[in-house]
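Both of the next two complexes hold chain A, though its partner changes from chain B to chain C.
And then the complex of A and B:
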């Protein structure tokens, strides 16, 4: 029972960071209807920004956090301007967007290898290693911090989407560009906001992952987990992405705890294929809303 | 109010509108009839800047219309698009509020929201329901209500009767007349030529991108050529 609870808590913690990635990714998908494979590159840059802020510039954590979130948000917006906007203006087929996104992802990875180097970088210790002990359970301080930061970030996003006018315009634009622009919505501005929000979430995920593990140019590959989570929950559905991500985190830690940590990814990917076969629309997704 | 001169639109290789001239005066219902593919929707989309024009002018209240779609509604031109395009993932109320997206005058938005509910009591009953769950007729009402929420001077209606049962078509046309009474000018494009002309002041017949006839709507209904081609009556 202790092992179970322990793994459950670890799973929720790691799942909450997957949720940050998956929601950012899903948000962009809901508007643009294509898989933004450059999302991983943005997460990677966020992780490096956090590393530089904490290890090199020796800034306090809140400022490093701010730099990672805002820097990644700006990066995502710039990427959209350079890599997607020209395609959008020409009504290019979706495949072109995906290829452009892959190109952007490879570009980011290689620019980091060329300038910073291919080596693993370790974050300085920000939170004490000694865990909180509740009975027989040992909960890492960093895990608690990860969960709280992720939950608060997602809550803020939820409020923006559900309670503000711009959030309503995001949903309207996600449903139909033409109708939304007929209402006076500047859809370029909505895309700008969506990439900014998605990028900021990616940056937050990046700095949290960097603290938990290490930073290296290929860290963006972790987005494949976010992709699984988003598909699991139903692409384009934000609540689905959160449910999918937490489920994935729990499945992973349970596999690692009870079976073998080496089988962790195998099971996660097997799950993806299984879901695509059995319920391609995911838990919360609706097939008829999928326009891609 | 709306003055269109020598309007041309090209879609790829297709010449969809060929030198169209249209005038809409304040307070009128102007109906544009024509068969499928005649260019009716293209015309409304050109006015709304959804499609690029390749020649000619569109003037609203004496000024040329801007080139970006999202700047049109703020001038007082509201389009109710073909196929309704209600936001299926938003509630009925949020759809209506999206119609008032650019407005800041909260008290007047509330007044207009109440007016829309008065015009469409059915929408008020479904206020919190997701728009995607509404029937076709209700979605048409919602699209029209949403179009009114910008408090437009002119409302462009694109095939409002499309795909609706005869009884609902009757209701929709009655509502269009009610909208006219709210001091709105209406530009209506329809395949249902008889209904469209019978509520209109002025009618235009669009055929293969050209206006082939214009005139007083009552006269057009009586015109034997129109009767044969669009109103399903044979020469006697």
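And then the complex of A and C:
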């Protein structure tokens, strides 16, 4: 029983990192209808920003956190201006957006390799390593902090989307881009906001990931799992992304813990494919146009 | 305007290609008669720390040898290519070295996967290669048990390393319950796991848990939680330092206090920096004792020249170069086939031990392993240890 609970905690903790990444994917997808593969690159830059702030400039954690979030938000907006905006103005097919996104992602990875170097960087210890112990259960301090930060960030995002005027406009644009634009919604501004928010979430995911694990130029690869979680939850749906991510974390952990760690990915992803076959729109997704 | 831009682009492309080739060659005007040798390894990617150190070491030794008159009265020229840690890239790099640069011998790579992949190209071109830290048996022996004519190495092999770890854990440390966490996608890790398990069970110990992960994973808590349930006295972690740092930290976070042990994939200064107190008290099977008086001269010279500590790979790259030097001088001619012939019976006093290449296996014979313990965040030498492996 304790092992089961421990595995559940492990799963939720892994899932909450996936969730922060997956929501960024879903947010951009809901507006632009394409999968922003450069998201992984932005997360990586966020992780490096956090590393520089904490390890090199020796700033306290809240300020480092702020730098990572805001810096990544700005980066995402700049990327949109350079890599996607010109395509959008020309009504390019969605495939071009994806290619452009992949290019941006490779560019970001290599610019870090060229300037900072290919080696791993380790964050200084911000939170103590000794875990909270409840009976035989061990819960890492960092995991608790990460879970709270993830939850609060996602909650703030939800409030912005559900309760503010901008949020309403985002929802309208996600529902129908052309119609909202005709109704007087400034869609350029909405895209600006969406990339800013998505980038900030990526930055938060990056600094948390870096603190928990380590920083290296290929971090972006891990976002493949976040992307899968987003699809699994229903691309375009934010609550779906969160549910998909947490489920993926738990499924992975339980497969490794109770079936076989050798076959973990095989079984976990076969299960995901099965769910998608039964429910192609994902858990929370609505069936509308084709998905890129 | 358009044409000017495309011209510019072409120019940039040509320049970037040139710079790609130029990187690594010893600059300056080369004399007419040179001995060209190649090096391959990871200059980018996960193992860049090691590859960079190897290349620096070989470059340093080449410079040193050139200052002393070179080999056979000729200057040595080094051409190095990045394999990006990828087997396919390694094959391409070797093709370039033998086809375009016409090197007489190659030093590296450090990883078994790449060293195995390049055998065919070596055989086609008749150029010998000395791998540095490629410990998989298949590097020098093919699937049918035949010795590959052009593959050599200066390190001991996985079966030996796994057996040494198991022997030391059981006989010297007195542990009887061991768990293994290994990388299911990596041959090095699987090789060590297999021979650790066999030896440990043969000696009378018990493997209480054997869990796997896949290269690229960063979270090991599901596997570790499962291992924790079985209460092992020692956990064998035969994989590389990034994963070691992550998994050891996570094990401590889960409240596990078992002793950890690993192979030569552990030995990096980066591990100590990344894992800190998590690996304190752990044991490592290594190729040499870093504090051995015999290695200090090289260690200091390297640090003075490059401003960073020597990684394990540097020492083996050193020995690979020395072995090659011995073979070239013995061959008396800078001819790749003659050098390969000379390598088959080459002997040299290396800094990781006395190296005597076995004609039948192309491995150094009877090399002892050094057991290190991490104490106060430093690798501390315990003893030389060897076991009999058939």
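By our rule, the second predicted complex is superposed on the first by the 273 of 292 C-alpha atoms of A that agree within 3 Å, B and C clash if a C-alpha of one lies under 4 Å from a C-alpha of the other, contacts with A are read in each partner's own complex, and residues count from 1 in each chain.
Rule of thumb we're sticking to: contacts are C-beta pairs under 8 Å (C-beta built on N, C-alpha and C of every residue); 3 or more make two chains touch, one makes a residue touch a chain.
Here the structure is a predicted model, which is why all the values come from computation and not from measurement.
Trainee: Once chain A of both complexes is superposed, is A:122 in touch with chain B (first), chain C (second), both, or neither?
Mentor: second
Trainee: Of chain B and chain C, which one touches more residues of chain A?
Mentor: Chain A has more residues touched by C than by the other partner.
Trainee: For A:90, select first, second, both or neither according to whether it touches chain B, chain C, the two together, or no partner.
Mentor: Neither partner.
Trainee: Does the superposition put A:265 against chain B (first), chain C (second), both, or neither?
Mentor: The second partner, chain C, only.
Trainee: A:169 contacts which: chain B (first), chain C (second), both, neither?
Mentor: It touches chain B, and chain C stays clear.
Trainee: Kindly classify A:179 by the partners it touches after superposition: chain B alone (first), chain C alone (second), both, or neither?
Mentor: In the superposed model, A:179 contacts chain B only, not chain C.
Trainee: Using the superposition described at the top, list the residues of chain A that contact chain B and also contact chain C.
Mentor: Dual-contact residues (chain A): none.
Trainee: Help me check something: in the complex, which residues belonging to chain A touch chain B?
Mentor: 165, 168-169, 171-172, 174-176, 178-187, 289
Trainee: Which of the residues in chain A end up touching chain C in this complex?
Mentor: Touching chain C from chain A are residues 3, 6-7, 10-11, 13-14, 113, 117-120, 122, 125, 129, 131, 133, 138, 140, 213-214, 216, 218, 221-222, 252-254, 256-257, 261-262, 264-265.
Trainee: Looking at the complex, which residues from chain B come into contact with chain A?
Mentor: Chain B residues touching chain A: 48, 50, 68-74, 78-79, 81, 85-90, 94, 97-99, 101-102, 146, 150.
Trainee: Under the stated contact criterion, what part of chain C meets chain A in this complex?
Mentor: 43-46, 48-49, 184, 211-214, 216, 218-219, 221-223, 225-226, 228-229, 242, 245-246, 249, 252-255, 270, 273-274, 276-278
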